[in-house]
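One chain, chain A, appears in both complexes that follow, with chain B as partner in the first and chain C in the second.
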Partner chain A sequence: MRLPPGDVFVFVVSRTDRLKVPLAVLATIILATTLAPVIAPYDPMAITGEPYQPPTREHLFGTDTLGRDVLSRTLFGGQQSLSIVLIGVAIIILPGTVLGMSAGFYGQWTDRLLMASMDILLAFPNLLLALVIITLLGSGGWQIAIAVGIAGLPAYARIARTATATTRNALYIDAARAIGVRSDRLLSHHLLPNVLPLLLSFAAVSLSWTMLNSAALAFLGFGGDPSVPNWGVMLAEARYAFRVAPWMSIPPGLAITATVMAVNRLADASQERFRNRT
Partner chain B sequence: MRYLVACALILSLLLAACVPSSASKLPEPRIVYGLSLMPSGFDPHINASAELGIPLRSVYDTLVYRDPATGDYVPGLATEWQITADGLSYTFTLRRDVKFHDGTQFNADAVGTNIDRIMVPETGSQKARFMLGPLAGYEILDNYTIRLNLSQPYAPLLDSLSQVYLGIASPRALAEYDNATYQFHQVGTGPYKMVEYVPGNRLVLTRNPDYAWGPPFYVMPANPVQTIEFRFLEDPPTRALALESGEVQIVGEILPVDAQLLSGNPGLRLYPVPIPGQPLQFMMNTSRFPTDSDAVRQALLFATNRAAIVDTVFQQFSPVAYGPLSPSTDYYYDQVANSYSYNIEQAQSLLSAAGFTQTNSNGILFAPTGLDIPPTPVGGSVGDLTATPAAAQITGIPLELTMVVPPWGLVPQVAQVIQSQWREIGIDLKIEQVAGLNQLREAAETGRYNLIAMNSPGRDPSLLEQYFVTNAPFNWTGYSDLELDAYLQEGSRQIDSQMRGALYGAAQTRIMERALILPVRDYVNLNGATARLEGVAFDAQGWFPILYNFGLTPEDRN
Partner chain C sequence: MRHFARDRLLSTLLIVWGCVTLAFAALHIIPGNAIVGQMLQGGATQADIAARQAALGLDRPLPVQYVTYLAGLLRGDLGYSYISQLPVSTLIGEQLGATVMLAAAALLVAVALGLGLGILEAAHTGAWPGRLAGTISVLALSTPIYWTGTAAIFIFSSWLGLLPATGSGSIDHLILPAAVLGFHVSGSIARVTRTILTEVMYADYIRVARAKGLPGQYIFRVHILRASLPPILTVVALQIGFLLGGAAITEALFARQGIGQLLVGAVIDQDYPVVLGIVVLSALVYSTISVVTDILHGILDPRVRENGA
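Now for the complex of A and B:
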């Protein structure tokens, strides 16, 4: 099995049990984020110390450019970052699966029409597409989620289409069709389970760059209120302070990396399970 | 085979990178000047960007100049000028020894051609046209005398004529190119000639060897810089890095934290330059609750610890601002200084006088109803106060404010410090960051804000007219006051400088009495340059370098 170089470490760790480690990481992140109001030592929006402080006992991860506690902001930051990513991915997966599978399954003009429209969107680099959309929508968390969702949709729909089109002519599909299974049931009960592993792993890929794109949009000033903590915004702020306080970028950066890696591993591991089952 | 192809590709790329740009054929010494943004256009008669003046101030001469030290008007392309007593006509006597970079002789016709170009609507001038004010026309009295006629007196005219936006371009070049292409082939009479402009990449100037008609503060340095390449460093954190690595020899708008680091580097020098005009300020919306109340607006001023903002965000590189003009502006009125010093008790008593007497469970102040405040008028119908008095009494109206900020100039950071300061005394501030100038304008048009950040630079206080006169384009305070209108409108009509001083003093006092703005800091451009660069100086407008004086000491061989 080929692995992206960045995944080697996680691969080694997770050899023992491929699902447990990424699940534990994700659970920790989600738990820490939801429990932020209880466990965060400070109000994430309050200035509680001198700016640019290195980690100390009062501020475990130091303070940011304005003197706010980085640990508290990282914990609270997950709330907006993760909700944006979840909404964005939902916008990619739900319509993407429907559009892609219909195109792949029905073929003919349905395929041509749907894929031509997706190809028009694909012609733009997806961050550019997201930028165009958010310029129309205006700034804010919701707007970012919609923009990165729509921008990510065409690539995902293309994958769903290809997977469906190659499975469509498999012997067991022919067999199901021969005994009179209707098209919609064929799609949902026969094709979907077989393309699901591929779709899941691509959903994970979508999730990782949804995270990165939404961070980029937040960084470019489309996040609405800059005081609401968000990992992307924190990373952007830290970049401004990189010369004087390089540690500032580590907590939000690590949070993003850990989330993305855990999701990728989870997808790989579940793909493996599907494969073993069949 | 595949490796061979790859190697060939890489080699060809390397070779392409080594092809000399036209700049390297130009005379040495050569410096690279970092600009902080890429203007949408570089034509000073058409475009309004302040950034374009950094290179072009030295490509053009203006009829008059302002001495950066005194602010006095000194001869430029005009050796002398007479203003009639009624202030309606200005007669300029022009120099006879001036040639454009393309060899064309400078004369009164050239000035006329330039004025025509700026005045015709087809040019689409964004700033220069406006700077000419009520100009009615001109008369060419002889080859070297021109008279400008105004339909009403306009005191800022000389200041306008001293700026690059009214620089005199070669009539031949203007005829040769159209409004879209002239910006790539600009020809003036100034100390530098334009070599090329590649949008997004570079703009190159080279010294004009024939230049001998500069104003007195143009001083030839020992080792004059011959060629200047301007590059665009739009990302703020990269500016200090580019300076330290030697990629640029001078750059403006360095981040305050980086400037702090640079000041310890013996090979570099920091040049903080105060920019005249308006400070970083928030305009307060007087037509929206709760900033429609004088007491609330005054309370907000008292509740803001401006010294702390300057400390945190600007690393003490900027002075605290107290009024609508910074001290380097003409007719700055120093009596507004130290008004509304940070005073929480004062803020609290003003807020409770305005009706915000209770605190809710989140620590936010609110006004119990029964107060003379109309409920938010939706759809234009006046709310029925008798409808649900019981329910309204329990909740009250919380002290919530909306602030709209642009992404530039560290304004979002300032907004967040203010948010945190106001939160402590129970004011709930929502910050809305917009993506750029157009979005800021759109937000202003909706009127859904209590505070909005906007300011512009300029040495003459007549710029206030754009912001505080009742129907002015940037009257985002929504304030209307016939007396203030009169002070500002008369201010640009009066020629007498004592009169102007009195009028602008009264205007500044009124603006602060009524607490129309929340000024934060006077603008300071943090320029950094290598210590080898000599003669670094800036003109009376603060933004524009006097490139004529730039010299580069040869590198120390030891």
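Now for the complex of A and C:
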């Protein structure tokens, strides 16, 4: 049996009530972020009133330390925060799939070498590895994306390897090999579609780690220019202002939590479907 | 069993050596940035900088520095901080106690809460206690520490005035950070507990136990829990690696002393020896814990040592 990629998507998305809520939440967050220039009431960098204002009609979520509008900064903050997450996840998924699948498929020394290096990276606690990379690269959005990407890579590559290694000996792979399908085509056309659902659900798990870790690095002060809105940076500012303006931490914290929770739910549901199918 | 333990120890030693080498190489590609920057700001001449680098051994070829570092490591010497010029082992030693206290207390919270939630979820799948436990565990997993922490500070110290918001030292200072860090970690423990328990619950021998009429409570306590505990313990042990990273954020949040604060400071200052020292220490701790739990797992569960060796 061989699923074309289109079917995999349908298989994950269709007829799943449990997926509707998290998908709707994610769509709302992404839409609100991309449409920030249109729907945000103020310029996120501009000082629009007194600092530390409680929520009012003019400022629905109040104002921050400098008197900037918290709602506008949260909407715009998604642009940097989510871009970092997307770049980080791309750094995890693209090399992770290639490395993990080749290790699992070819076995022998390719497998040993690749997995030994992944094991070494896995022995560093995740956030610590990211901090080492930040030490080398310095602060900034790109730097955070690269750091969380590399830190998340080994766990993903390991999953991709295991999934491929267990599918490699399936009967349909033997059959394809017997009729003379070449290795690279075997990998891309026969193995990949079958491990894809599992890879997708672990990619979602990686995405939730990437969100939490990248916001943590921004929170710790490695985000570069602090005037550019970012959820992690906003939480750091709110932490220092919690006595005077406790409401400051609610919008960015809620945005991070909603994103991570929706993605986790998505991973759960697709994993369950995958388990039911096999 | 002895072979299993020996192989596992050997591969762990190799992994730790690989970690040290990788971190050393990465942090020495760009040599002595922090020193040059700091000394130039202080108005030092090129000769002064060269002399300082020579004193730290940074003028020697990289392989020599590497061998010296490894030799020092075996004696527990982690080199000297570029900034404070104190031995890295002293700097770490001063902060270690606070972090170990925090991590241990957080682990206690995480295990108690995580196991409880996971068992509730598995035992009452579909019913409201199970759903509630499931929601709490996903929430724990998804809320960032730096958000729950801020909320906890606001509620318990600003509003109710029960506990101090910042600082370290007494038990009162430990409660909030440990609860916040432990709550987050409990999420993943709960989920793994639930998954493992549900898997065991549908095993054939459980069906047999039910078929021969054993009471449900008894089956759960004796058959299901006993078979599930070893893999759950393994996962709990692996969370300790996460606790080390989470401690950094928690310490920053609550302005506590500790390794995490030391690390964040060192990353900002590009104080490579301190970063390297902490990385080496945590890789060592993490690997030791994982090898010890693997061997324990092997002792508790014969299937592991036969397949794993």
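In the analysis below, the second predicted complex is superposed on the first by the 245 of 278 C-alpha atoms of A that agree within 3 Å, B and C clash if a C-alpha of one lies under 4 Å from a C-alpha of the other, contacts with A are read in each partner's own complex, and residues count from 1 in each chain.
The rule is short, and it goes like this: a residue touches a chain if its C-beta (ideal position, glycine included) is under 8 Å from a C-beta of that chain, and two chains touch if they have at least 3 such contacts.
Here the structure is a predicted model, which means the values were calculated and not measured.
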Per the overlay, which chain contacts more chain A residues, chain B or chain C?
C
Looking at the overlay, does A:Val260 come into contact with chain B only (first), chain C only (second), both, or neither?
second
Of the partners chain B and chain C, which touch A:Phe242 in the superposed model: first, second, both, neither?
both
Touching partner for A:Leu220 - first (chain B), second (chain C), both, neither:
both
Considering only the touch criterion stated at the top, classify A:Thr135 as touching first (chain B), second (chain C), both, or neither.
both
What is the contact status of A:Pro125 with respect to chain B (first) and chain C (second): first, second, both, or neither?
second
Between chain B and chain C, whom does A:Gly67 touch in the aligned arrangement: first, second, both, or neither?
first
For A:Pro51, decide between first (touching chain B), second (touching chain C), both and neither.
first
Dual-contact residues of chain A, meaning touching chain B and chain C, are 135, 220-222, 239, 242-243
Given the complex with chain C, which residues does chain A contribute to the contact?
116-117, 119-121, 123-128, 131-132, 134-136, 208, 212, 215-216, 219-222, 232, 235-236, 238-239, 242-243, 246, 249, 253, 256-257, 260-261, 264-265
Mind pulling up the chain A residues that touch chain B in the complex?
45-47, 51-52, 65-68, 135, 138-139, 220-227, 239-244
Report the residues of chain C in contact with chain A in the complex, numbered from low to high.
14-16, 18-19, 22-23, 26-27, 29-30, 138-139, 141-147, 149-151, 153-154, 158, 241-242, 244-246, 248-249, 252-253, 263-264, 266-268, 270, 272, 275, 278-279, 282-283, 286-287
Under the definition above, what is the set of chain B residues touching chain A in their complex?
236-237, 240, 255, 257-258, 260-261, 312-313, 405, 407, 412-413, 415-417, 419-421, 423, 430-435, 439
